[in-house]
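Read from first to last, the chains carry the letters A, B and C; within each, the first residue is number 1.
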Amino acid sequence: MKYEVLPVLVFQTDWTFKEGAVASTYGVVRSVSRDVEIFTATHEIPQFDIWSASYRLHQYVSFWPKGTVFVSVVDPGVGTDRKACVALTEDGYYIVTPDNGALTHLAATSGIAEVREIDETVNRLRKTEGTSVFHGRDLFGFCAAKLAAGIISYEEVGPSYDVNEIVKLPIHQPVCGEGFAEGIIEIDDPNFGNLWTNIPTAKLFEAGFAYGDDLHVTLRHNDQVIYERNTRFDTVFGTVEKGEPVIYNNELMNASLAVNQGSFLQQFSSGFGPEYTIRFEKKKED
Amino acid sequence: MKYEVLPVLVFQTDWTFKEGAVASTYGVVRSVSRDVEIFTATHEIPQFDIWSASYRLHQYVSFWPKGTVFVSVVDPGVGTDRKACVALTEDGYYIVTPDNGALTHLAATSGIAEVREIDETVNRLRKTEGTSVFHGRDLFGFCAAKLAAGIISYEEVGPSYDVNEIVKLPIHQPVCGEGFAEGIIEIDDPNFGNLWTNIPTAKLFEAGFAYGDDLHVTLRHNDQVIYERNTRFDTVFGTVEKGEPVIYNNELMNASLAVNQGSFLQQFSSGFGPEYTIRFEKKKED
Amino acid sequence: MKYEVLPVLVFQTDWTFKEGAVASTYGVVRSVSRDVEIFTATHEIPQFDIWSASYRLHQYVSFWPKGTVFVSVVDPGVGTDRKACVALTEDGYYIVTPDNGALTHLAATSGIAEVREIDETVNRLRKTEGTSVFHGRDLFGFCAAKLAAGIISYEEVGPSYDVNEIVKLPIHQPVCGEGFAEGIIEIDDPNFGNLWTNIPTAKLFEAGFAYGDDLHVTLRHNDQVIYERNTRFDTVFGTVEKGEPVIYNNELMNASLAVNQGSFLQQFSSGFGPEYTIRFEKKKED
């Protein structure tokens, strides 16, 4: 089944608004077409962090109408031989991005139905060929605008290639059983300082835990224990005192750690990635 | 008199753009309707700072067309028993917010004509019931989109309740007379480092002061004096030297303190709130 | 030749989103007209930095459709006798700004065809006359909205004045010849930490250099050498190792300095402005 392309463009990058990169890219879009909507998802992906780019797409793409065109530009290898592509997910979203790992999570969750390499000879902004460092403006933004505006069809983006060739970063699977669940801190919420594990909250229920229980949590950075404590598992932050840690079910239905009106991330000097492992098990006596 | 609801949505939160919360919420709105405009007022309200949320609404709501729908989500008690509501101000604006004090200033200035509790059974995004931590996306954003799009009427938001039950934070009134004016630093301008008092500039004129006068200013943090000085009262920053303090009439017509091309906030280690009191009186000899 | 004004407004300021200034200004625009598009170019111009305001306009204006109306408010002299103006560039863009130097680069590149002083008696938001500190909302935003919406013509902005009277900051010209090129760091990319010189990359080719060469670079802050090294000149960052410096052709076709996946700005404690001078010459033996 094919999804109609919508004239709705959603951007995420690691550019910030500190200089004119966003403004020039949005200008290119508006010059291509007056009829395409332009949304900022975020321009604050951590610099060069392809993992975060991939995770954020996973976090929000499915909440948009099918046919929406997303442009994700976190591109440390700009101008090298990494492909510039437009992927179509199985559930009908178009993702314009360097093929550098940014499609990792969507490939694992939505699935990728088709992927095409952008043909620079027709889908690159004219007169920018002299510079190779701003594909966000000259290639991704320009091509996405033409696609979203209906000036080119998806087929006209460029030649398709095997979806199995798409670059993917390693995803870690949790290990769960009766009375325990183990996984990693897959990403953080850098604003509120929460940690999101790769363990579906449903797995905690299957392990025999229920809201209201205290669970024994062990969080390690490599071999070092950075948090080990009985911690309340509940539906909302407000069931523990301000400043106290809590395990909760986050917006993507994964087990997560927060400090009520505080920052778990800062308070326990944590981070995210496979070197941060977590284990939930039954409450232990103090 | 009833005001027609406009398909214009304006968001303010304490989420920042550091992760995908804004993007998923805007996606929900666009999925509800292709015809609703989406504006970012700010996603940089200080975390959990309901007072600032309330003050900022007061600062900008009235500049928008009547019928505009505002969504304010600063919600430290998300998922607890605080109400989720949509208020209608006397002057015709709809405010979608947790009822946690965010309506304090609008209630005091515009007045609240009516308030309704959002009925989660019909106005919550389906399939999100398993999580209780992201009402911005699942409840406030979704319900506001339906309202702004005309899919539900204001009455269909949910049952109305007594406007006198709306949660309000304490507002401090200034005390003014011949030759003096006393009040508090009600809020700051955290960008330019200006301090905004709760004293209408008109009160300074009534006290006998005029633009061009030097006034004696005493600023205290609790009992400690953090600024005491004769300070020029004028219309623009540029009437004092760069780096010098000045009293001016701010954009909401309140007496305010700035440093010309500097930051009063930083230079004098000040803040805002009722513990920061200020007194203006006649110039004293040095 | 006259260009039709488009209902497209693009804002840049030094206000940030930390308080309600942007929200109230956008509200004024939407109150003037429901049909004008509102874009954020950036609200993160460094405070009071007119040079950056000017440079950023130069960086992105030409990528927008002709007839777009830009509002630039970096206005340390708000309320003083600096003029409030709307300039029309030779290539068809309208710039609404304090006439304080913000037109420097556009005047030098696009050229200014005409400039008009905003007539406050008709193009200022009513009931804001009591305050003189927020022309962004009350004058520039309001007047720009009327212009973009077609409520007033360009002529109705106010009286024209001599384009030669426009305030301009000094622009430094590079000095280039066989085997060398000298100039200044004209601006930075504060996000990625790159330095952009005022030397067109074409001048490096004319000097006899080619992509793939190592060039001897000397960067001085006043008399102090802060970087002196043979450095690769290439098309993309990825031709040097991560963490290594590289000379590249930036998006405006000027010679620039970066560290691959790092920050040249931070690594070498550099900045921008005429006190930062740079010389490229032939590779020297180590």
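As a convention for this text, a residue touches a chain if its C-beta (ideal position, glycine included) is under 8 Å from a C-beta of that chain, and two chains touch if they have at least 3 such contacts.
Here the structure is a predicted model, which means the values were calculated and not measured.
Remark: rotation between subunit A and subunit C after Cα superposition is 120° (nearest 5). Homomeric contact subunit B/subunit C: same residue numbering on both sides for under half of the interface positions.
Inter-chain spacing, taken between the CA centroids of subunit B and subunit C, is 32 Å. Residue positions of subunit C touching 2 or more other chains, listed in rising order: 40.
Residues of subunit B touching subunit C in their complex: 8, 10, 12, 39-44, 56, 59-61, 63-65, 68, 187-192, 201, 235-238, 248-251, 253, 261.
On subunit B, the positions that touch subunit A within their shared complex are 14-28, 30-31, 34, 38, 40, 47-48, 76-80, 128, 130-134, 137-138.
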